[in-house]
Amino acid sequence: MAKQFTLAEIADFLGERYQGENITVTGLNTLEEAQGSELSFLANPKYIKQIATTKAGAVILHPDHAKDVKNAIISENPYFSFARCMGLFAEKEGFFEGISEFASIHPSATIGENCTVYPFVVIGSNAKIGDNCTLFSGVYIGEYCELGENCTLTPNCVLMSHTHLGDNCYLQPGVVLGGEGFGFVRTDFGVQKIPQIGTVMIADNVEIGANTTIDRAALSKTSIAKNTCIDNLVQIGHNVQVGEECFIVSQVGIAGSTKVGNKCTLAGQVGISGHLHIADNVTIGPQGGVIKDLAENSVVSGSPAMEYNTYMRHSLLQPKIPELFKRVSALEKQIAKLEQERDSQK
Amino acid sequence: MAKQFTLAEIADFLGERYQGENITVTGLNTLEEAQGSELSFLANPKYIKQIATTKAGAVILHPDHAKDVKNAIISENPYFSFARCMGLFAEKEGFFEGISEFASIHPSATIGENCTVYPFVVIGSNAKIGDNCTLFSGVYIGEYCELGENCTLTPNCVLMSHTHLGDNCYLQPGVVLGGEGFGFVRTDFGVQKIPQIGTVMIADNVEIGANTTIDRAALSKTSIAKNTCIDNLVQIGHNVQVGEECFIVSQVGIAGSTKVGNKCTLAGQVGISGHLHIADNVTIGPQGGVIKDLAENSVVSGSPAMEYNTYMRHSLLQPKIPELFKRVSALEKQIAKLEQERDSQK
Amino acid sequence: MAKQFTLAEIADFLGERYQGENITVTGLNTLEEAQGSELSFLANPKYIKQIATTKAGAVILHPDHAKDVKNAIISENPYFSFARCMGLFAEKEGFFEGISEFASIHPSATIGENCTVYPFVVIGSNAKIGDNCTLFSGVYIGEYCELGENCTLTPNCVLMSHTHLGDNCYLQPGVVLGGEGFGFVRTDFGVQKIPQIGTVMIADNVEIGANTTIDRAALSKTSIAKNTCIDNLVQIGHNVQVGEECFIVSQVGIAGSTKVGNKCTLAGQVGISGHLHIADNVTIGPQGGVIKDLAENSVVSGSPAMEYNTYMRHSLLQPKIPELFKRVSALEKQIAKLEQERDSQK
């Protein structure tokens, strides 16, 4: 099942040299967990002691440490070299090829070359699927959806009508794109629903995590720009615009019509209110709650979010607040006594 | 693909008058994004400057602004008129009609008139589906479930056994109703599971967002009353009772056996502990954490939740708490000095 | 449809005695909601007044209260006895038996004895399914997955390749195991993806809630130890290790490489940062945010999490912080006045 390579082949792939025995490498692992035929790496000096005890068959490490092990690949950047090896050993997910006869494909849909369509996929009317796409089982593609080239939709992903994906998008299982935005208002004659007639536009090279939901716009579009990475269980509301190369970690929620700039990092469980503007290169710490616009390069944390250094000082002092109340009460008594003494002296 | 109407037809539909050229309207958009044949609207005076630069073919606006544009529909309430137009332009989701021969329907299930059942739907034994229901692909309806009339279950929604839906319910993709409640206890002989033998009852006109989960009750039922709107990725625990016309925004979690009254608004990422009673017309701000009962008309925020005005003052002061510690330290020194001087005078 | 037993049969099953009429019991319910033929219970003295008004046909209660009702089962531990009755009345979910001809099963997959495979299930190459497993519709089992005996995967659960489940695991609908971990880094030449080549290993007797996601490891494995119970919409990141008998309540997020010990309880919406070590028997309160290691038997709450008693005192004082600022301002004025008076006396 698994791939294997000789140490020489891996060194050659990396464009680096190796030393010791040209063993056959059957997998990759950490120094602590690697066994006989596995390749490991030493990047962080913190783990240098593990070099003496590791059972790894070979290690990728810096020239400075070359003498410490017998079988090794020598690299100026062991972490980066190892990450490249992970790509070498990674297996493409899935086991099916071709277009299943058990998929339900509308006659008006068009499907590019070299696509894989698993059983029990549904593709709606006028949908367009680019070349080299893979649709796993349980995927639903609504009418008028358009997918670029080389997209992978893992099992049970749902694209409601008119959703667009660029090239090279990868959706983990259970992603829902284009569900209706939360458009309800209370009126004198009861709850009214505002129909959501916009779409979702996902640009090239976007990755979206399992069971994440991105709603269609009320008007116009909800959009995610290229190279942005979204983790699991994230909620993105209607008409949100997310910029390029953002990292949106799991369980983040972004409310309607908010704009997030390029290269922003939103840590886990962050919430951002609606109609805000988050500029480029902003970092928001875990569980942060953002209720105001944030300027370029802001680093914030807390709920409501504040500047990071202030947050850190606040965090350290927070457990001391009960004591602060006592200190203030003590001061009040001391002052009262001093004032009393003063008054009695008059 | 898209619908189109003349300006006169739209004015007629709205019961309003129009001015200018009777253009053909091909879509709706904001003033900022609208193009030649699109209709837009001006409701908020904040956007009045955009009237001069919009490329919209026509605008719905108040009589006071009628002179500012050529092609227009004149309405006393432009936002409401525009929302009605959104309904006019909205297209019904989906592309399939009839009962698919690739659905798996138990012989004992009954299906009403004019229903649509997509391929790869499963309907269990003794299930009852009302008239005019639409079940998209990947939907699972467990045994003894009952659906009222005119319900729409979009792709991959799951109703476990005995779940009831009223009329006109709309479930976004991936909703799970009737999963087992979290009924586990630690005992001297290990973790024990309390079987969850209750059900989920959803009343009329309830909308539920994508990937939201509502658990079956331990006993009796978990219930959502009529006209309540639930957003994406919400968790509702076993035996929770939610009242009428509530708005439950995305990523809210409500723990077991809590009762929520009518017309409550729970903002994004709110958490409510179990066995609480939230009265009618309560509003809870985003990321709020509720650990006590809340009286009618309460407006709260924060974690743990406090009265809204207190929360707002607290929020503004929170970043100044580190400074407050310094101020108290300074006071302590000043007082110590005053006391020392007093003592030396004695 | 529903099961029924006589009061004598139930008493016999429990190994307890009954009094009154040997009625036929058609279901179980709370004292408040039970009707004529239903059995209820009195465990918490708080509900003793309901004994007088309940319409339950019979009640399980402590010998001390035996005189208060006519039809009863007498038990030293009424709650435990009632929980056992819930197991007696619980019906096995589902209505289908055998291997559906509408499932798509790879020829190289092996399926144990007495398994149930619903329509529209997909089982990948080299997958191994143990005896007595049930796979509901829409389930996807990737290549090289292995399931122990007696596992139940309810509708639309997804196991990506190489995921392992032990015996007696129960997955609520929409669970995703083995999606790719969030492995992205920003580099000088753009966002790079670190391939995730590890797996997910779930031990025996683990229950996982609806739409919960557990990511595959970057290297090695993400693991959940035996007897652990996970609620709905939980996120567990790559390389996380969760111990035995943990309770992980809904919407919790655990970031990558964190280790959680045995018998820990993580309340709803808790977030734990990556690379931390949470020792055995730790309890984390709702919405808690953990950013540091936690020692054995810790009980913490708040964000960032602090010791529970400190948190409780802090919570009570939090709404009084605005007033504290006023008190400190008043003190500063008083002190200034005292100092001024002192200076004028010199």
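Residue numbering begins at 1 within each chain, and the chains themselves are lettered A, B and C in the order written.
Operating definition for what follows: contacts are C-beta pairs under 8 Å (C-beta built on N, C-alpha and C of every residue); 3 or more make two chains touch, one makes a residue touch a chain.
On a predicted model such as this, the values are computed, not experimentally measured, just so you know.
J.: To bring chain B onto chain C by a C-alpha fit, how many degrees must it turn, rounded to the nearest 5?
T.: An angle of 120 degrees brings one copy onto the other.
J.: Same or different interface residues for chain A and chain C, judged by whether over half of the residue numbers are used by both?
T.: different
J.: Could you tell me the distance, in whole angstrom, between the mean C-alpha positions of chain A and chain C?
T.: 24
J.: For chain A, which residues are shared contacts with two or more other chains?
T.: Correct list: 120, 138, 156, 174, 211, 233, 251, 269, 287, 303, 318, 321, 324, 328, 331, 335, 338.
J.: Enumerate the contact residues on chain B facing chain A in the complex.
T.: So the residues of chain B touching chain A come out as 1, 28-30, 33, 83, 86-87, 89-91, 93-96, 100, 102, 118-120, 136-138, 154-156, 172-174, 205, 207, 209-211, 227, 229, 231-233, 245, 247, 249-251, 263, 268-269, 286-287, 303, 315, 318-319, 321-322, 324-325, 328, 331-332, 335, 338-339, 342.
J.: Inside the complex, what are the residues of chain C that reach chain A?
T.: By the definition above, chain C touches chain A via 104, 106, 120, 122, 124-126, 138, 140, 142-144, 156, 158, 160-161, 174, 176, 179-180, 182, 184, 186, 190-197, 211, 213, 215, 218-220, 233, 235, 237, 251, 253, 255, 269, 271, 273, 287, 289, 291, 302-304, 306-307, 310-311, 313-314, 317-318, 320-321, 324, 327-328, 331, 334-335, 338, 341.
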